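Here come two complexes built around chain A, the first alongside chain B, the second alongside chain C.
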Partner chain A sequence: MGLLRYAFRRFVQIIPVLFGIVTLMFVMMHALPGDPVRLYLGTEPGQELADDLIASYGFDRPLHEQYFDYLVRLGQGDLGQSFVYNRPVSDLIWERMEPTLVVMGLSYLVALPMAIGLGIYGAARHNEAGDHASRFAGLAGISTPNFWLALMLIYVVTYHLELLPASGYTSPFIDPVESLTLLIMPVITLATAQTALLMRMTRSSMIEELRADYIETARAYGIPERKVLIRHSFRNALLPLVTIVGLQVSTLLGGSVIVEEIFAIPGLGRLFFDSLIDQDYSVAVGVTLFFSTLFLIGVVLTDIAYAYIDPRIKYD
Partner chain B sequence: MSMEDTTSDIDRRRVIKSTAAIGAAGLFAGCVGTDPDETGDGGGTFRIATPDEVETFDPRMNQMVWYSTAAHYLFDSLFMLEPDGSGVVPHLADGELEEVDETTFVVDIRDDVYFHNGDQLTAEDVAYSLNWVRNPDNDSPNLSNVEFIDEAEATGEFEVTLHLEYQFALMEQELATMNAAIVPMDVAEEMGQEEFAQSPIGSGPFELANHDPSATVELEAYDDYFLGEPALDGLEYRIIPEAEVGFVELADGTIHQSSVTDALVDEAESNDAVETHQLDTFNFQGLIINCLEGPFEDVRAREAVQYLVDYDELLTGAVGDLGGRSVAHMPQGVVDAWDFPADEWRERYYPEQDHDRARELFEAAGLDTDFEVDIVTLSGEAMRGRATVLQHEFEEVGIDANVREVSDGEWLDSLDNGTFDINTYGWGGGDDPDGYYYRMFRDLTNDDGGMNDDVVGHSSIGYLYEGARARGDDDLLEDLERFDELVRAARETTDRDERYEYYVEAVEILMPLYPVIGVYSAEGVTGVHTDVQGYQPTEFGEQEVFNHWQEARIDD
Partner chain C sequence: MSGEESRVGDAELSTNGRVLGTLAKLRHSPTSVAGLLIVAVLVAMAIFSAIDSFLFNRAIITWLHADPHAMDQSMRYSEPSRAHPFGTDRYGRDVFARIIYGSRTALTIGILAVGISFVGGVIIGAISAYFGGYVDDGLMRTVEVLYAIPGLVLAMIFMAIFGPSIYNLFIAYGIVGIPAYARVMRSEVLSLRDRQYVEAAKLAGLPRRTILFREIVPNGLAPVVVQATLSMGTVIIGAAALSFLGFGVQPPTPDWGRMLADGRTALLVAWWVALFPGIMIFLTVMGFNMLGDGLRDVMDPKTTVEDVGYDDFDVDAILEDDGHGERSPDEGDRQQAATDGGLEQHDADSSTTARGDRR
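Right, the complex of A and B next:
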């Protein structure tokens, strides 16, 4: 019951945070120089047409009125209408949600086991050649900009080796094989930095745990090293790792903008990027709201996961 | 870039993203002479890379340059541009326009055209389509392109009478564009604009099969097209934002046509699977100078900027061989086509770099070197590079200059607010002088209906007029009034010799005022995969994979 109450309370706490994010984004978008009508109509907008468009989207009203109107509609589940596409923002988000979630999800699926495996290996072989190699790989992974990595992958794997298609997206629910071939490079791009970061975190946590007295005791009792590593030290090393995994949702969302742009994946990252360029206010705020909600849910789930990982943590 | 894109439709993508259209320009085809009546199927699917998503499939509401081209596959127009751009041929029209008087024309419509839903295309549909765009209540962004039409009237089942507001030099060309696309009246009315934008019904050689937002637009051949069934099974537009990625897809044959960036031209030319085509994109790249206030208020200071830079070197540095110097604010192609006195103009208005002369002119304008020049530029390598070269040259003569790289919105604001001394600028004006001289330099205050009070024209030309008025410079005002009369008169007559004289006089009024300094006109390179047969891209042509002159197919 304590956990449920805690989860409920944490999810309720998301609401004011989202409210703050929406407010900030709404104000920031409207504070940008230029306006969407001008961007849409170009450098010589006819007076009548410009006036009509401005009035129909309410851009001529005071900002606070536009804001309160937006909040009222948001409260009713209406994310507004895209100025550029003349379509509901919720439809646009719905159409583009799957590719982003698939790429992000697969990146986690690739990054987590690799990071944990390499991290444990590095800790177990502390200061040996394998450890040095994994640390070097980790440093390289963190230091490599994902746009550069993406372009290099396309240049080498597609252009020279002709192994994989360079761009596009097919739903794994429609054609899993084609989908996989299209997703390999984007997932590698997005997962590389993730893997490196999580690996370094796992390694350092594990090294710390392996130096603890209880590990020495376990070894003195003759418990096999594999059991010492996995059951005893890794479980205790998980807490900081889980924290980072939750927070990394935001990094993945940021990376998805670049990855989707380069690999021509029709996801939310590209929609967000285009909405900023076009100053399509409703879309930019709507996608931000969606991304923020995802991130905050990730954070709450992380908090909840603590209880399972560390029985000493109680939710009151 | 097609005639329709470049002579009429003004939108931000033409001004700001003109380079993005270079890829689309490659979609225009030339004459290779396959008889469309001998059509079949099984010709494969032609896949084309395009950087932008479709915002609407409704040509009446479209602002995207690339879709202005692609829409020709879904919709037809009364006329069609000839592949060399020299004129138009009847398309939905069953013959030439018949002149009743200067502002009244009658055109017969073919009686063998059917929309994709099976309805016959009639004069009612033609009149409805033209009047819909012309009606200000419909908020079509293309209204300004058809405002020469007062009313289109169905005067028979297959006869339309066009009542014009004024005689328009580019009427037939405009009626060949997607600004004058013909849509089925009943369907458009029943669906409403929003639904029609997603589920378009036209009469073109292809119909919409699938749209995967931000990913692909798939078109399939329309069996009952009035010119016969296309050999291709379909067309697929792949939305690939990065041109480099599009090129990789082109090289491996995943797609069949893509733009090629400057950096990849050599790579493309050495690739056996790719044929490259260098195409004039009819654009103008230049520098706008603030004529109203600041250091360049005096024309001598503006002229000094002409002496400051080695523009030939700037051209080479910016685009290499993919471009040429613009003459009199027009691309070389336009100047050549009209046989304007380019050599004379070059000699008179395009001096070689001369820093001493620049200094003299600055001094004559009352400026010493203790002022700072604010150069504003959009992002993008070519524009930023242009601004940086200019900054360097100012510093060479001892004048401080700073470069501000701004967003699209800030850039538009700066044009209207005058918060710049010099601004980088690009414009796609097409192959007619009207696209440059009327669009860039007319006095907006003389427009019917008017512009927003805070709009000064997309080359900030309003500042030249406003500055003359503010200073009470009667001589200059008289020249400018004459200039405005000329560029307006030139579009309201169909006599080419008369138009020529108007433009020559207009050029010679404007050039010595240096409101905008022409730098170069960029060209584009498009790559076509060797699997494609019967297809030759050029700057012009519509429905270019299947039209009156050629028919493409994929030979794997």
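Right, the complex of A and C next:
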């Protein structure tokens, strides 16, 4: 029961932060250069038409009224209208969500097991050659710019080996095989830095756990080292890892902008990128809000998982 | 703890002592020495290009190798050769010369952005922790708002509003970075503000601002410095990403991210235009990360002995320092802070790592 109430309270705490983001976005987007109405109508539109449009979107009203209006409509789940697509922003986000979530989910699916495996290996072989190698690989992984990695993958895998197509997206729910061939390179691009980062985390918290007294005790009892590593120390080392995984949602969402741009994936990152280029600012705000909400939910879920795993945490 | 009172007003001195001591310890870690070397070469390259471009109008680099701005249509996309070791780009410009000049752009953005985040984060974090209550709540909620928006997304919006230029680029990344520093500084100040020497300073009647920024903050700077070194790499990658996407540095300024964007369009015909700037970004970031890792191991008492593999050295150093009374005055405080504020410390650590690689 306590856990449920804790979860509820954590979710409620998201609301003021979201409110702050909405306010910040509103202020920033009204500072954006360019006139979306003019852009939408093309060059030299009739003045009357422009005025009509401006009035119909309420752009002629005082800012605080527009802000209040915006909040009310947000409360009803209305993110506004896209000028470029001439459709509701929420519809666009809904349509573009799948590719982003698929790429992100697969990246986690690849990164987590690899990171945990390598991290435990490094900790078990602490200060031996294998550990040094994995440490170096970890450093190299977090130092590699993902957009460069993507270009190099395309150059080698697509142009030279002619193994995989360079760009595009097919839903895995429609054609799983083709989808996979298209997803391999984007997922490698996103997962490399994640693997390295999570591996470093796993390794250092494992090393810390392995020096604890209870590990000595376990070893003294003659419990096999394998079991000591997995059953005893890893379960405790898992806690900091859970937090990081939640926080990393943000990195992956940012990375999706780059990856979707390079590999021409019609996801949210691409939508965001295009909306900034087109000055279609209600879309840019909508996607940013959606990203932040995803991130905050991720953080709260990991907090709850943390509270669930760790009996020492009290729910108040 | 007889030395407590004498510490009032000596904060700068003692931090200084620790910085030197830390640098001396770093030489025992091969990784950080290598990192330091890479960074030193980069700084040398950047200083060279700055002097060359401001004082000599690119005469030196032209004499030594090639002019990074000189276009030569007859040499478009020529392969790496003796004359052009890294090849030439779309306008026949020498990629090697542009890479050297690009180091100035990368380091300038890195240093200025990290500087803005550092100063902003330290001030916000320190005030937040020291005054607590509504001040803390207000500031931390604001920081959380910035933190909840993915770094790259926030930076792109900034650039869209203020226009793509190198100045806006480091301001954008400076602001994006503030939350991480504020959080680290806040948890440090929280663990330091009830120390005896702070009480002493209060009794001595020092104004609150002096107590906070001259007594407490200098003693809590170590983890923030580590954060700064580690985030140099992330800022450089992030800035290059923005330039790559067309939201950052504009031509003709030589910039690695921008060069990669050019390389992308010519990937099929001229791999060298994309390969070499990417390697430079990688090496630069690697250098800062290696240095930052080493700094963290040396400065953070929690990881010192465990993480690196110079266990013996550190134990000896601590014992020896104790015996001769030579150790820097706040070493003990750090040690204590780690045990006192175990959880706090841990929070700071994890958020550092997380945020450090967020972009």
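Note that the second predicted complex is superposed on the first by the 300 of 316 C-alpha atoms of A that agree within 3 Å, B and C clash if a C-alpha of one lies under 4 Å from a C-alpha of the other, contacts with A are read in each partner's own complex, and residues count from 1 in each chain.
The rule we apply is simple: a residue touches a chain if its C-beta (ideal position, glycine included) is under 8 Å from a C-beta of that chain, and two chains touch if they have at least 3 such contacts.
This is a predicted model, so every value here is computed, not measured.
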Based on the superposed arrangement, let me know which partner A:Tyr169 touches: chain B (first), chain C (second), both, or neither? first
Looking at A:Pro16 after the superposition, I want to know if it touches chain B, chain C, both of them or none. Which is it: first, second, both, neither? second
Would you check which partner chain A:Arg211 touches, where first means chain B only, second means chain C only, and both and neither mean what they say? second
Scan A:Glu261 for contacts with chain B and chain C and give back first, second, both or neither. both
Where does A:His232 make contact in the superposed view: on chain B (first), on chain C (second), on both, or on neither? neither
For A:Leu151 in the superposed arrangement: first (chain B), second (chain C), both or neither? both
For A:Tyr159, using the defined touch cut-off, is the partner it touches chain B, chain C, both, or neither? Pick first, second, both or neither. both
Looking at A:Ser292 after the superposition, I want to know if it touches chain B, chain C, both of them or none. Which is it: first, second, both, neither? second
Would you tell me the residues on chain A in contact with chain B in one complex that are also in contact with chain C in the other? 32-33, 151, 154-155, 159, 261-262, 279
Seen from chain A, its contact residues with chain C in the complex are 16-17, 20-21, 24-25, 28-29, 31-33, 127, 139-140, 142-148, 151-152, 154-155, 159, 193, 197, 200-201, 204, 207-208, 211, 240, 243-244, 247-248, 250-251, 253-255, 257-258, 261-262, 272-273, 276, 279, 284, 287-288, 291-292, 295-296
Per the contact definition, I'd like the list of chain A residues that touch chain B in the complex. 32-35, 38-50, 52-53, 56, 84-87, 92, 95-96, 151, 154-155, 158-159, 162, 165-169, 261-264, 266-267, 270-271, 274, 277, 279
Contact set on chain C toward chain A in their complex: 31, 141-142, 144-145, 148-154, 156-158, 160-161, 163, 233, 237, 240-241, 244-245, 247, 260, 263-264, 267-268, 271, 274-275, 277-278, 281-282, 285-286, 289-290, 293, 303, 306-307, 309, 346, 350-351, 353-355, 357-359
Would you pull the chain B residues touching chain A in the complex into a rising list? 10-12, 14-15, 53, 55-56, 63, 136, 139, 141, 143-144, 194, 197-198, 212-215, 238-242, 244-245, 248-249, 251-252, 254, 406-413, 415, 444, 449-452, 455, 457-458
